[in-house]
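Data block below; observations after.
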Amino acid sequence: YSGDKTPASGTPEKIVVQAPLAPPTAPLFKMAGEVLPDGTPLEIIFYKSVEEATTRVVKGEADFSVLPVNVAAKLYNKGVDISLANVSTWGILYLVSLESDVREWTDLRGEELYVGARGSTPDVLTQYFLSRSGLKDGEAHLTYLDSPEIARMMINGLVKNAVLPEPMLTQVLMNHKEARVIRDFYSDWQQYEGDSTALPQAGMVVLNQFARNYPGTISEFHRAYAGALDWTVANPAEAAPLVEASASIPAPVFVQSMERTRLRFVPGSKARADVDVYLSRLLDFSPEMVGGKLPDEKFYLSD
Amino acid sequence: MTVVIKFENVHKTLGPTRVLEGFSFQAEKGKIMCLVGPSGCGKTTILQLLAGLELPDAGQITGTEGLKVSYVFQEPRLLLWKTVAGNMDFVLRDAISPARRQELIAKYLSLMGLYEYRDSYPKALSGGMKQRLALCRALAFPHDLLLLDEPLKSLDMPLRLGLVRQLTNMWRENPCTMVFVTHDIMEALLLGHRVVVLSARPATLLDTVDLNLPFEQRNIGREPLPSHYERMLSLLEAESMKSLPYL
Amino acid sequence: MTVVIKFENVHKTLGPTRVLEGFSFQAEKGKIMCLVGPSGCGKTTILQLLAGLELPDAGQITGTEGLKVSYVFQEPRLLLWKTVAGNMDFVLRDAISPARRQELIAKYLSLMGLYEYRDSYPKALSGGMKQRLALCRALAFPHDLLLLDEPLKSLDMPLRLGLVRQLTNMWRENPCTMVFVTHDIMEALLLGHRVVVLSARPATLLDTVDLNLPFEQRNIGREPLPSHYERMLSLLEAESMKSLPYL
Amino acid sequence: MKNSISLTRGLLPLFGLAAFIAFWQLISGFYSHVVVPSPAEVAQTLWTLAAGGELWEQSRHSILRGLLGFCLAVAAGTPLGLLIGLNPVAASLLRPLVVVLQVTPLISWLLLAMIWIGFSRVPVFVVFVTTVPLIVINTYQGVKSIDRQLLQVAQIYRISKPRVIREIYLPQVAPYLLAGVSNALGVTWKAVAMAEFLSVQQGIGAGMAVARINLETAALFAWTLFLIGLGLVTDRLLACVTHHKLKHWM
Amino acid sequence: MKNSISLTRGLLPLFGLAAFIAFWQLISGFYSHVVVPSPAEVAQTLWTLAAGGELWEQSRHSILRGLLGFCLAVAAGTPLGLLIGLNPVAASLLRPLVVVLQVTPLISWLLLAMIWIGFSRVPVFVVFVTTVPLIVINTYQGVKSIDRQLLQVAQIYRISKPRVIREIYLPQVAPYLLAGVSNALGVTWKAVAMAEFLSVQQGIGAGMAVARINLETAALFAWTLFLIGLGLVTDRLLACVTHHKLKHWM
């Protein structure tokens, strides 16, 4: 007996999902209007900061949380009772430049490159690619700032080179004619790590207690989520009004950004190989980013 | 029970200034004691010690224990944010029942010619009116020991004479101990059972006069007042010469 | 050039109080004018008008244009954050050259017996000492018109007499216009070329006396001072009776 | 005469405003509207927000939270300031606490606040924590600057301690407290927006967060403008109320 | 006697501190150390930071920026407050400006500040913008509460306007200004950390940003602790300096 009071076969009163205001959230907008086939209502919370998200996880206030994969690993390694339910976002980072002579990572030698928050995944991946392409530490000057500010400064021409996620990238491309995508992090990853590995950036974690109590609901939810995700990818134009209404992302921006947003539903258990590669790279770079070690197999929610 | 208030060998230093050095004196309880002395000799300091607002550095002050004190400070010290009546009410609130309080306030304000200003704030009062209000406040408050530091300054002559008379009447009704500091020797002689002349700092007793003449028989022109007046004035003059030779 | 300072039909209301109503009077320039009157009659208001610190609501004040004014206010109004010497220096700085300033400060402070306190802050002064400092400040400042609002209050008798003498000496050296407000009728008679007795509010002139007796011949006991004194006192008494019938 | 002067004075801020808007218009010409939107654009966005009801819907939350936090801060800060000013033991224990409140960045509080106080109350907490030191320190300084002569009066006439505090200390602390309150009220709107920005679903700050992520600078500015309006209104209200209270004796 | 009392008083805050740490230890038992690390853990992190030189390396920047912004705010805020207090025309033009500074959230300033003032000076700007209203409003309130009697003295003795301001206004405004400065100094450290957090590479705030991304709550707390220490030290310094200045006449 696990000590949980609720019987293992019942259904929860509702499912609480928290997600950032970003592309991986898009499928959830479709689900928000509906209920799961078993009638369980869905509550979606948009979080604004990682603290907010982790606090909810720690307090057990969100059953599912969309988080960067490394943050999920970090929480797991620090003893929070969660597992990775699925991975949905595979590369939404791009190197953008306003300068016509920048085509490669190596062209950034001596240039200033703006990257979202220091120590975050974009930062580490950028440094990884820079070093893999032969630049030494400090040869490209990394400057840190939050993505919305980078995007706005770039639109005004004050930032020449930047690493940006979607949908900021689309905003920049739409608002500045000279802006061009130089590198796609996903392809670069495959270039260095092999074609068979993908770049798992964000996914969903589930509270283990919830998973134990309602195994049925989890699969229901997964099925619905996977469906919504596929639908969104297939019909961005139809999803756009939903997104505009819920997250104020302008519809054209959303539609265009979906061209560069790789959403694909992969259950946690199936994503382990990719995640392991990804996390071990991060681990080499800075152990704090993943919580000091690679998570063991319990991290991945079994089917 | 002690019948005197006594300073025994009191020392008091304020900042760098040694104000009292081995000062001793006594005031009979239930009598009016007037202090006269050159400016800066320590009169205010003596009143502060009597009131318990300052403590002696050495020596003893006895006989003031448990006395209810009223004090007219050298400055009016009014509460600027309260009206004239409000300033009276402030000191009387905890001491006197509400009904009687209103009556008492009206009585004393009328006495001092301030009744029509009862709802004015202190900033609208003239210097003399502030002084009268301060006096009002002290007189209305129930007391055993009344300390008065130049209570009649900034008041015109008839008012002062009237108030001296008023103070003697009040004392007759309720013979409390009064210590009255003044620079007007005649005022002191008209009011005091005992008049003390202090020397310049550090204060010592230059002259002590006990007057047994009843109040109603005291008169500016009537002996022995004029001779006391002359003597005291010349004593003070001699003191003045020491510290202010250029005048 | 005008030789008088003149109030013509001056009206002044402060808050709800009509202090002056059609008040007229004149003071000869280069003479000492003393004002006596019941407390609250408007003496301070008259000085404020003379100083230009208040403006009349109606009527005219002439003859004060371009005069350099010194004013001893009814309160000492010292700068608490400056020492005794600093308070003097404060008013003299722009008026007098540095070398002469030190000398002047030392001279006046010694005169008033404050020299040894030159580095003390006002909080360490007694009431009379503050008053003396305020007087010092006004006397040292170069002036054509000297306004004095009870400048000798809180001072002992010999000091007052000495200062009255001092003021006459100073006037002889530099015959400025003085307007001297006091509650001590004798002081007024000893000092003034003209003494004016004011009625209760609204102020009118009850009595005006011009004294031609030279200062050195004036004496408390010498006629015509005592008879003026008696008359003025009874005038004031009658005024007092009106507003303060209970005393 | 008097009327025309006060009229000119009333119009002056309007001239100032006009000059500011002209300047802004000029500046906005130099930058992309994603960086500096034009005044017209911002005004239109503000109008859209207002017309759609979102302005009121969101700001209602913020105003309530702000006022609640502010009132709590005044209610707690005034006695605390008095206590620190009056009691040296309390001072040595509580002064460091005030410094902690002043110095600890929002981001450090956020973690704890979210756990202990719950998400929805974080803005109230943040407003409280940001404004309470303003009230405490000003009250404290007011107590330190009190007229000791009046305390002697109270001592002589045996006024009870609570009355001394109410009738001697408070009126003299009032102008200090007023400065503190004036500061606190201004900061309140900023603090509530910042807290909502970081942690909450509804409110002005939440609106700003969405606008920022979507690079809708005009909306960001519109919200800011609304906050400024809120600040100006409360500033005026405070000035009126206190002028009315203090004019008699000051 | 006296000595033993002042000793007890000196020890009191230590007892307070001990109680606080005990409480913290207790709390940390209830939560994951991602949320509330234990005191020991934080102390050790702080030690590591200090020993590795990072503490000094980062805080050097923050302290310089903070002090610069703070000094600028005092230097600009005092005359501005005097001006607003003395001149009704200036008041009606500049008071709204002060409200704008008070109310506008950091995030609205950020981009403009970076464009106009340059990246590295943003923290100085933020400190300035956050603290200058504190100085202005307190100075203003001080001017309003001035003793009008002394102004008459100055008028009679024809003291020049600049001297009146220096020798009559400033000493009376001093306790108000002191409250403002005390508040501003506390807020300085928070503001500089926040600004660095959002915009700059080095400094305490940058350290906190990294700690936050990595969910290293212990490091976040360690930095916070360091800020608090900084705040306490500057608070004490200010108290000593001003006590020394004002003790003569207050």
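A, B, C, D and E are the chain letters, set down in written order, and residue numbers restart from 1 in every chain.
Quick note on the criterion: a contact is a pair of C-beta atoms (placed from the backbone, for glycine too) under 8 Å apart; a residue touches a chain by one contact, two chains touch by 3 or more.
Fair warning: this is a prediction, and the values are worked out from it, not measured in the lab.
Asks: Quick check on the contact graph: shortest path length from chain B to chain E, in steps?
Replies: Contact-graph shortest path, chain B to chain E, evaluates to 2.
Asks: Expressed in steps between touching chains, what is the minimal separation of chain B and chain D?
Replies: 1
Asks: For chain D versus chain E, which are copies of one sequence, does the interface use mostly the same residue numbers on each side, meaning over half shared, or is it different?
Replies: Chain D and chain E contact each other through largely matching residue numbers.
Asks: Of all the other chains, whose mean CA position lies farthest from chain B?
Replies: For chain B, the chain whose C-alpha mean is farthest off is A.
Asks: Of every pair of chains, which is linked by the largest number of C-beta contacts?
Replies: Going pair by pair, the biggest contact count turns up for D-E.
Asks: So what's the Cα centroid distance for chain B and chain C, whole Å?
Replies: Whole-Å distance between the two chain centres: 26.
Asks: Between chain D and chain E, what distance separates the C-alpha centroids? Give it in angstrom.
Replies: Here chain D and chain E have centroids separated by 17 Å.
Asks: Report the inter-chain centroid distance for chain C and chain D in whole angstrom, where each centroid is the mean of the CA atoms.
Replies: Whole-Å distance between the two chain centres: 50.
Asks: CA centre of chain A versus CA centre of chain E: separation in Å?
Replies: 38
Asks: What residues in chain B touch two or more of the other chains?
Replies: 75
Asks: Would you give the residues of chain A that are in contact with at least 2 other chains, written as numbers and ranges?
Replies: Answer for chain A, listing residues that touch two or more other chains: 51, 55, 58, 152-153, 156, 158.
Asks: Give me the residues of chain D that touch two or more other chains.
Replies: 31, 35, 107, 111, 115, 197, 212, 217, 250 - these are the residues of chain D that touch more than one other chain.
Asks: Judged by the touch rule stated earlier, which pairs of chains are there in contact?
Replies: Result for touching pairs of chains: A-D, A-E, B-C, B-D, C-E, D-E.
Asks: Spell out the residues on chain E that touch chain C in their complex, using ranges where they run on.
Replies: Contacts found on chain E: 149-150, 152-153, 155-160, 163, 167-168, 171, 248-250.
Asks: Provide the residue numbers of chain C that touch chain E in the complex, in ascending order.
Replies: 51, 53, 68-71, 73, 75, 77, 79-82, 90-91, 93-95, 121-123, 137, 141
Asks: Taking the complex as given, what residues does chain B use to touch chain C?
Replies: Contacts found on chain B: 14-15, 17, 36-40, 44, 74-75, 110-113, 120, 124-129, 131-132, 149-150, 153-160, 162-163, 165-166, 183-185, 233, 236-237, 239-240, 243-244, 246-247.
Asks: Using the touch rule from the top, collect the residues of chain D that touch chain A in their complex.
Replies: These residues of chain D touch chain A: 31-32, 34-35, 107, 110-111, 114-115, 119, 197-201, 206, 209-217.
Asks: So in the complex, which bits of chain D are touching chain E?
Replies: Listed in rising order, the residues are 9-10, 12-13, 16-17, 31, 35-36, 88-89, 92-93, 95-96, 98-100, 102-108, 111-112, 115, 133-134, 137-138, 140-142, 144-145, 175-176, 178-180, 182-183, 186-187, 189-190, 193-194, 197, 205, 208, 212, 217, 220-221, 224, 227-228, 230-232, 235, 250.
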